[in-house]
């Protein structure tokens, strides 16, 4: 019986922009695995389902994946507002492992999920710290914070504020913004103190409007961002000259690793250039982990896969990367432990199903996103 | 029964009712006539609590009822009909009547839920009463028709029927006869007389049909330009030059009843 | 050629025929009155002529042209004006606007026409800025008639024009209708004030349960004892 | 003080855009008696029409504006003919739900045709003029001017044409309008055309000020309704005032309450108006 | 095994249908019976869900929790808390008619959502409340039984109310308010009662939802899924008809989730926007239903007269 993997992605709704590229990540992994012989001799099958970025539709789609399509594991969903209801009403009770490639909410860490919920991105708590570190390093000593009023925005703002202040910086003012407004001029003038740079935590959809109004209104000239705003369309639409020198962080693997390079070239070969949006490599790794776990368990039973998700990351095991699937299968069949090093990093699940991670410090230079360095935040 | 004391009401610059005072005696059928726009319906609206007066006072059996809401007046026994028929157009004729009786047990949601059998029993009695009224008005064959589909005159009858579903003390009728066929109008007058005699209803009737007024009403109040200009029985009023000038005219309609 | 002529009309609502073979005719300068008990189908007959109720069978001819089941919105531009029995004014528009809109189908210089309407109903001149919905019942009836006269119609169809009017105004209205008629406008009206209406009618119809019962000159109908007893209240 | 003045400028800017949307919505509301939930999506599709004109013919946005207005007017009339006309005689709530379905259809069409990411008419940023402590950008003057001209044109249409009065008559009593010989279908078509065109204008101006996105109009729908209510339903002049008041109130609110509650300001004003002055803040009508 | 797991999707699916059916019944009381145009369903839905969540979850530093009450107490709490809230909202909007009420309620619902979003001490704000347990660990099939009991009970109560003289007065108000007052009915009281009872039913739906999905955050109460879907269900099913309300919930949810299958039929020119095409299909299907059956699948029927045969 073939291994069936479900991808639970927002193909419509607020996070649609990330849904398609995440799906590509999963698809790419599965194509590679099938090219390398599949799992237990059979090609892996992929089922994609749309969450519409809405919890009601998300749980329905998830249950359909589990019951009708009979998937053994799920990659997704993206927004925590969907991932968590899916975990608590579908996957944890049905006993199907679920790996989110994008939900960064700290709530997930302590969720009572019967250990069926995992993620391949680090919690927001880490990125806030990473950003504070970068900011301090760049000599920023005060900042205004405007964040999208959802769990992503608020979580990051909290983490940044406490880390930044611990490092001696000052948050002059912070405010959450509601998405979808036509004007953010009031919000901007509320947080602006005339000199500090703006930390904007959000997504391009409204972030672009905010940046534009911030520049035009003379509220801010310097900006800091998080991963959500790392999108080339912003530079394209607003003009590089205003954004050059702005910087930010994003969960990112060291691209000097073999795994990352393998992923980049494989992605390019199939879909063209890797878009600078996050969560593709994490989706890709999630699909690999599920397949390896199935091989390791010699079963497509969901619970068995769950039990082996940590086993394929044995610290004493032989290091394998995404390009080495056939080799990894051989090792596992020989009873040798393996340690998967993913495109997005080591992806070692802790007891809560969380991963630590590395972050990129990126900057906009001449209109390009340039990764300055990739580092592990000192917690 | 109803005591109207110096009621006034203006709309913008228009003094629709000015210092009107009169009494509707218990057991009487009091007529209210006057040219179009004299303020008759406005006065009814004030009595029925639909619009507040600018000044003045209304008492019902000695009790001050000025400004009480319509439904509260209903429970004190004061019922009205409308000049333009106000039927429940998407309910059947029967339902239009069954709605009316006051203090139905089933109108309290909790009682409907907890003692539905009693509610059904009560509703059956109301249904029988409604059918009687319909038969009386000779529109029994329309009982399951939607009220909105009735002809203009049939709606007027239904309006009157609704007042027959209550234990009212005083009924205000705004042009019950407009658009009602003459033959039926006779029946209608009969019904009003019977209700007055047998059930002791007091009526106050606005009407432009002088035959009907002459047959039913004593006394008759005459309003013009918002003020009360005369009162008395119809025969006297016909001789009153002011009333003739303002209202009756000299043509056939004013004289019809006298012939 | 008759102004309007209907033969063998079958029409009604939702499959039930209210009119059963009704026929009606108005000659160029006639006043024709329809009387009958409530629910006889008088209003339905008017609506059917005007294209507001679908005619299932039968034919309507207006000035020699067959207009059976033509849409109502074309009637005004043909010169037929109709005042329905209920909701016959635009309540939130002022009296003046009601009259102006009455002329919608026949644009042109409204001044003289307005003048004529104000002459017939002086009260409307006084109240021309008031919203029609706030007028008394009788005043509304005047607005409605005035509105209809604004297109200088050939045929004026009135559904109970005197309902709710004071005796004096009834007389006046009847007189006005005669006046209008003398200008060469045919009048077809439904009336419950049958005596007065029939008195001025060239012809009258008695309608009961959708069928023609009697048809005669106005005074002759009035004099007919059967009619008087059954339909005119003795 | 300067902060308040600056916020007022932004408020008026937002208000002009809201007002254009609200004038159309209020006319549709008045004539057809239903809250048109696809109005925001008319705005969006109008903005995208203009985008196509801008990119294909390489025209300035303001030149594309009339074209977009015409196209959206046509689209609005078309949708009415295909869908709304068939259900006009049933309850207004059906129309409302149907307009919601229209909103879904339009939004997904935008996504299918133009894609779902942000787009702009003109890349880059326009740096503002500085007038003392205040800043004002040239585009904003264009937006004010365009809004004012359009509103004036609507005013002329409503007061100088028979169509304007016919619109009100229709909203009062559809049957009687028919009897009077008012061509109901034509009046309704005009209403849609004007409503659609104004929505498109609002969308284009919004696009100039922010960016184009498939849901750009949907999120403005509630403030637009708030403006409509504030001005009194069926009253275009009221809608203009309503739009300006809501726009300014939303911007100024950030001075006193957390900006996360900013959308609530529009609703709170709206609910308060409904409760204390249900006929709208100003009197007067079409 | 295979068919068992195939069966588990319908069981799950019916849970959601049942929860929505409760919401639709609540709306039917307000719109179908009284003509109150409430498009703020999401607000009461949220109040119910949050109340039950707060009452039944264990202690937490992040939100007002720790009551740890049983499921039924949570559901009862949801209804009880809604009474005063709906009463106040009903009072302040009492004078408003159809469209005005509609826009006021949608505004109020958004205010409620923003409140839960921003008042973290109460609701854990944007992060939502996790770990809301279903009673007795019953699983989907078991929970379906609970939902079914609530749906049946609600249906019965609403149906009795509709047929009772109370329901008759509501229909009269819907029809002609001035005349209802003239017939001695306290219109404001009846409207308010219907509004409060309807809202409480919506809150009940919210409570059932919270325990079903186990986690709630403000995202679940946005207008699309919180309000419009419910309206679509009622209108498609037949407003005023309680059986229509149930049928509408079922049919619309089927359409909603089956368009994903239909999207596969998409013209190849549109590859890459499958999901937009799906929303497009939903919109078009909805239009077809509305245009071809504007009165809904099961149109309103007048209640039987007492003594009329079954």
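When the chains are written out, they are named A, B, C, D and E in that same order, and each has its own residue count from 1.
As a working rule, a contact is a pair of C-beta atoms (placed from the backbone, for glycine too) under 8 Å apart; a residue touches a chain by one contact, two chains touch by 3 or more.
Composition by chain, UniProt nomenclature: B, C = ABC transporter ATP-binding protein; D = Branched-chain amino acid ABC transporter permease; E = Inner-membrane translocator.
The structure displayed is predicted, hence computed values, not measured ones.
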What's the minimum number of touch steps needed to get from chain A to chain C?
2
What chains, if any, are shared contacts of chain D and chain E?
A
Chain A to chain E, mean C-alpha position gap in Å, rounds to 34
Quick one: chain A and chain B, Cα centre-to-centre, how many Å?
75
Cα centroid separation, chain C vs chain E, in Å, comes to 51
Centre-to-centre distance between chain D and chain C (centres being mean Cα positions), rounded to whole Å
43
For chain A, jot down the residues that touch at least 2 other chains.
12, 16, 149, 176, 178
Could you tell me which residues belong to chain D and also touch two or more other chains?
111, 116, 258, 260, 263
Quick check: what residues of chain B touch more than one other chain, meaning two or more?
none
So which chains actually touch one another? I want all the pairs, not just one.
A-D, A-E, B-C, B-E, C-D, D-E
Listed in rising order, chain B residues that touch chain E in their complex are 48, 50, 69-72, 74-75, 79-82, 86-92, 94-95, 98-100, 102, 104-109, 112-113, 116, 119-121, 123-124, 127, 162, 166
In the complex, go through chain C and note every residue touching chain D.
50, 52, 71-77, 82, 84, 87-93, 97, 100-102, 104-105, 107, 147, 151
Under the touch definition given earlier, write down the residues of chain E that touch chain D in their complex.
31, 37, 92-93, 95-96, 98-100, 102-104, 106-108, 110-111, 114, 117-118, 228, 231-232, 235, 239, 270, 273, 276-280, 282-284, 286-287, 290-291, 294-295
Touching chain E in the complex, chain A uses residues 11-12, 16, 19-20, 49-50, 52-57, 59-61, 63-64, 66-68, 70, 79-82, 84-85, 87-90, 93-94, 105-107, 111-112, 149-151, 153-155, 176, 178
Could you list, by residue number, the parts of chain D that touch chain A in their complex?
3, 6-7, 10, 13-14, 17, 111, 116-120, 123-128, 130, 135, 137, 206, 209-211, 213, 215-216, 218-220, 247, 250-255, 258-260, 262-263
